[in-house]
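Presented below are the structures under discussion, each in the form of structure tokens.
Presented sequentially are two complexes of chain A, the first with chain B as partner and the second with chain C.
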Partner chain A sequence: MYARENKIAGWSLAVAMIALFIGGSMGPLQKLNYAGVNLYDTLNDIGLASYYQGLTLHAVLNALVWTTFFIVGFFTFALVRSLNMPLKMPWLNVAALIVMVIGLIMAAIPILLNLATVLFTFYPPLQANTFFYLGLTLVVIGSWMHGYGYYLTYWEWRKQNKGTRTPFIALAIIITMVMWQIATLGVAIEIIFLIIPWSLGWVEGTDPTLARTFFWFFGHPLVYFWLLPAYVSWYAMLPKQAGGKLFSEGLARLVFWLFLALSVPVGLHHQYLDPGVPAGWKAVHAMITFALFFPSMVTAFTVVASLEVGGRARGGTGLLGWIRALPWGDPSVTAQLLAMILFVFGGIGGLTNASYNLNLVIHNTSWVPGHFHLTVGSAVTLTFMGIAYWLVPAISGKNLWSRKVALWQGWTWFVGMILMSNGLHILGLNFSMPRRTMIGAAPYADPAWNPLLFEAMIGGLILGVSGLLFYANMLGTVLSRKKAETPVEMPVAESMDATPAPAWLDSWKPWMALTIVLILIAYGPILVDLISSAQFTSPGFTPW
Partner chain B sequence: MHIDRTERTYMIIAGALIAVFFGLVVVSSLAYGIQVPAPEARVDPQTVATPGNSPWGDPIDERVRELAPGQYEAFILAQTWVFLPNVIEVPVGSTVTFQVTSKDVQHGFNLSGTNINMMIIPGQVSKLTATFNEPGEYAFICNEYCGIGHQTMFGRLIVTDEG
Partner chain C sequence: MKPKKEYKTPAGTVVLMVIFILLIIALWGSAYLTMLSRGAT
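For the complex of A and B:
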């Protein structure tokens, strides 16, 4: 069943994990450098030119490649099972994967040759080799093609199942892909109209403020593109694994629609300190960003309630006793529960970042990587690892190599991340230590930072070990000769509420209209203003 | 759609909490006069440092000006990988308006221990003001990646004790 879909999912996951292996291995090097152990001179001999080339690899491979490839693999696997229907045009999704891989190779070569040491944000007028931008564009276009394959399948399902509500997992997947389609228009416009002609020398200058604004049109919904697949698992799969049920499916659907409407019109909160953007528009985006916190608050309640149903069904009693009764021996569950705990702190820190005034203190300090290692680095990545603990056995038809190693992996990630993230948060908040900086070579580094830099290094090293445990387990599983006796199935949590969700939660028109109106309000006037006053005066620089 | 009573209460509280948080951000921003950089002026990054074109083209030691007793204006040019000027001295109690621009790539300007933190974008002027009532040395650090020497890019504001 679904052999073709499994193949697409399996290859996507393989690329994702290779990317995480290479990108992730840069992390401990960075933290060692912070604490005064500089390995970069040694690494010059094997072709790593600098801290910043390593940082570009770390960010692009982890945040873009690991996430995007894992997500399309997971979604391809889950969509067809949720709809109980194979892909309508599987060749389109195969082509999508091929386009993504070609794009990845095209972008990776300039990075590896030190021709694109522009970090993950590639802010002009830093100018990378053109193939870096073309490669990123192809990865995005490939992900769009995956989306089109999903939409066609969903459309076919709707035709065959008139009057039936879309299954929750399928609906959540389609909403996430539509949100991604809208969000990536920003970066596509930036790359195709502003950057590529400029990097090829067709035009002499570019406007960095306009480029930043298009980038962050994409940059914030990007984090929801990472997070929503984790939410799919937390809402609709994890409760089943924990013996529970989805507590309120209607609200879960509402949450996804709200993310569609609210994820995009918030990007200016990354540009609070931009001189070229009027304060009033920053305030508008601040307000919508706070509203965007609401669906995550609802998620916290619904997911915890769904887990509580499981904990009590497993014999847990008392106010908190059900937590102990959850299946902590199941590494897939444990990894995801620990991811959720870290996400609580990530969420609180996120509100700080969104606060127009508090952001002044932490903007571009190490507080920010401290924050997003709790979100994309834990809530998302540790959840994806937890998903992999059932998904890779399900795709490969083999048993997980070692449950024990997997449990250690989840806990070491948790402990390592607490140490590293705590150090980075405090260094940014109390000492304004800059982010994305080779601190080991910074003349202004203060001896007072040392204990926290050391703490962050220990955390980083533990995370490195945790990563190795993960890759070992994945390799051990895939390379095992023995087939599993009982095939692993996708866990799907039943809804507690037997009545189907109301029609307005299965209808695209009102939500798409709301999404478009909000984007037009939040971005229309400011983009018209920035485009009409654009000054294409910045030539490219390659200062690395 | 059925919503559990506890969850309904929780959602109301969560919504109210978010509204209160946002209200606090607005009120405190207004009460403390929080300023963020906003459109100030456009310049051409390729000619901004040419002498005679702009205050950033003036000799480095003339880029900090005393407008009135205790009122200073500092025109700082950011470039890979230095701020010019990178040492500024003012007496305690001074109010300094920083006007920073870049002649090449993007930079950052974070004056440790203050609310001065701004993106420095080529073509734009970033402007913020602060008053220094504590004598001492404040580092201004470039906090946006600007190339291989980014970690060496900083300057010092020395607030002298006038007596």
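For the complex of A and C:
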């Protein structure tokens, strides 16, 4: 059943994991460099020109390609099962995947040729080869096409099921894709109108502040595009795997609607230090950013309560004894539980980033990569790995190659990330060590940094080993000749409350209206101001 | 007569949430104090 959808999901996951393998392999090199071991000169022979080219590969492949391809694969698999109907126009999703792969190749070649060493944010005035931007645009367009395929399927389901509440997983997927659709308008405008004409030489200069503003219109909701698929698993799948039920489906739905409304109008908190943006608008975005604290805390409560239900159903007693009763021997569950623990600290770091005065201290320091390795590098990536431990067997029809190796993988990721992230956080906060810098070659590097740099390096190397365990398990599973005797099904948690969720939590109009109004308030005046005063004077630079 | 509750209050979750909030206060506060200790630049 769902053979076509499984193929789309399978190929998407394959591309995602190849990207993670290549991008991830750059990580230990960076951390070795932190500790004074420079392998980049040696790697010149195979075409790696610099630390910064490696950093671009690491960030683009991990943060953009691994995540986006995994998400569309996971969503394609989960949507049809949640709605219990196949894709309405599967060719559209096949075409979407092809467009994304073409875009990926177009973007990857300039990066590999050192023609697009512009890091993950590709901030102007750093300038890349035009094909890099065209490739990224195609990846985004392909993801939109995936979304259109999902919307058409959803509308068909709605026609056939009038008056029925949308199943939670399907609703969460559609909300995530709509949020992504809105958010990517920012980066599409930036690339099409500001960057491509400039990189082609059609215009002499561009306006970095305006470009950065459009980038962060997309850049922060991108974080939620990564996180919400993990939340789909935490809310709707993990409780089932843990033997429990979803504690409150109503709260789960409310959280997704709130993320739709609040994810986009917050981007200026990434631009607190941009001189061209008035402080008042930064304050507006800061307030909306802190509003995101509410759905985040609701998520923490609901997901943990769902797990508590599972732990108690498995015989756990006492106030916290249920935690030990959770199925820690299941690598899919363990990876996701460990991801959640790391996310606790990632979330707290996020609150620090969003606080204006503290942001002045940690901005552009190693605190920032310390933070986002706890979010996208742990809450998201380790959760996706946990999902892969049932999803890849489900798609391939094979058993997971080794549960023991998978468990080791989850724990080594956890330990490695604690070490690396702790080192980076303290180096940033206490010593203002800059991020995105080849520290091993920095003449101003302070000997006082060394213990923490060493800690970060050990963490990075453990993460590298953990990555190898993951790839070994995925390859071992897919290449195994033995078919699974019992097919693996998608875990779907029942709701504790059998009463259908209120109608207002299944209605698009009020939430879309709130989303649009908030975006217009938060971005309308400032964009009009920035566009009307734009100065397209900055030439491009290619320093590396 | 009140219908019997299907589930108990998730007391463990409430405890964990309290710990979470205390952690937020402690870690955010420690970052704030670090900032103050560095003085004006």
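Convention: the second predicted complex is superposed on the first by the 544 of 544 C-alpha atoms of A that agree within 3 Å, B and C clash if a C-alpha of one lies under 4 Å from a C-alpha of the other, contacts with A are read in each partner's own complex, and residues count from 1 in each chain.
FYI, a contact is a pair of C-beta atoms (placed from the backbone, for glycine too) under 8 Å apart; a residue touches a chain by one contact, two chains touch by 3 or more.
Computed from a predicted structure; not experimentally measured.
K.L.:
So in the superposed three-chain picture, is A:441 touching just chain B, just chain C, both, or none of them (first/second/both/neither)?
P.N.:
first
K.L.:
Have a look at where A:351 lands relative to chain B and chain C in the superposition and call it first, second, both or neither.
P.N.:
A:351 sits against chain B and chain C alike.
K.L.:
Let me test your reading of the model: by the given contact rule, A:301 touches which partner, first (chain B), second (chain C), both or neither?
P.N.:
After superposition on chain A, A:301 lies in contact with both partners, chain B and chain C.
K.L.:
In the overlaid three-chain picture, which partner chain does A:274 touch, first (chain B) or second (chain C), both, or neither?
P.N.:
A:274 sits against chain B, while chain C stays out of touch.
K.L.:
With the two structures laid over each other on chain A, which partner does A:187 touch: chain B (first), chain C (second), both, or neither?
P.N.:
Neither partner.
K.L.:
Specify the partner with more touching residues on chain A, choosing between chain B and chain C.
P.N.:
B
K.L.:
Which holds for A:320: it touches chain B only (first), chain C only (second), both, or neither?
P.N.:
second
K.L.:
Which partner chains sit in contact with A:247 here, chain B, chain C, both or neither? Use first/second/both/neither.
P.N.:
both
K.L.:
First (chain B), second (chain C), both or neither: which does A:391 touch?
P.N.:
After superposition on chain A, A:391 lies in contact with neither partner.
K.L.:
Tell me which partner A:452 touches in the superposition: chain B (first), chain C (second), both or neither.
P.N.:
Neither partner.
K.L.:
Can you pull the chain A residues that chain B and chain C both touch?
P.N.:
247, 297, 301, 305, 351, 355, 357-358, 361
K.L.:
Which of the residues in chain C end up touching chain A in this complex?
P.N.:
So the residues of chain C touching chain A come out as 6-8, 10-13, 15-17, 20, 23-24, 27-28, 31-32, 34-35, 38.
K.L.:
How about chain B: which of its residues touch chain A in the complex?
P.N.:
That would be residues 1-4, 7, 10-11, 14-15, 18-19, 21-22, 25-26, 28-29, 32, 34, 36-40, 42, 44-46, 80-81, 104-106, 108, 110, 112-113, 115, 117-127, 139, 141-152, 154 of chain B.
K.L.:
Can you list the residues on chain A that touch chain B in the complex?
P.N.:
Touch list, chain A to chain B: 50, 52, 117, 119, 123, 125-126, 207-209, 212, 247-248, 250-251, 271-279, 282-283, 286-287, 290-291, 293-294, 297-298, 301-302, 305, 351, 355-358, 360-361, 363-365, 431-432, 434-439, 441-444, 497, 499, 501-502, 505, 533, 535, 537-539, 541, 543-544.
K.L.:
State the interface residues of chain A toward chain C in the complex, per the touch definition above.
P.N.:
Of all residues in chain A, those touching chain C are 247, 297, 300-301, 304-305, 308-309, 311-312, 318-320, 322-323, 344-345, 348-349, 351-352, 355, 357-358, 361-362, 429-430, 496.
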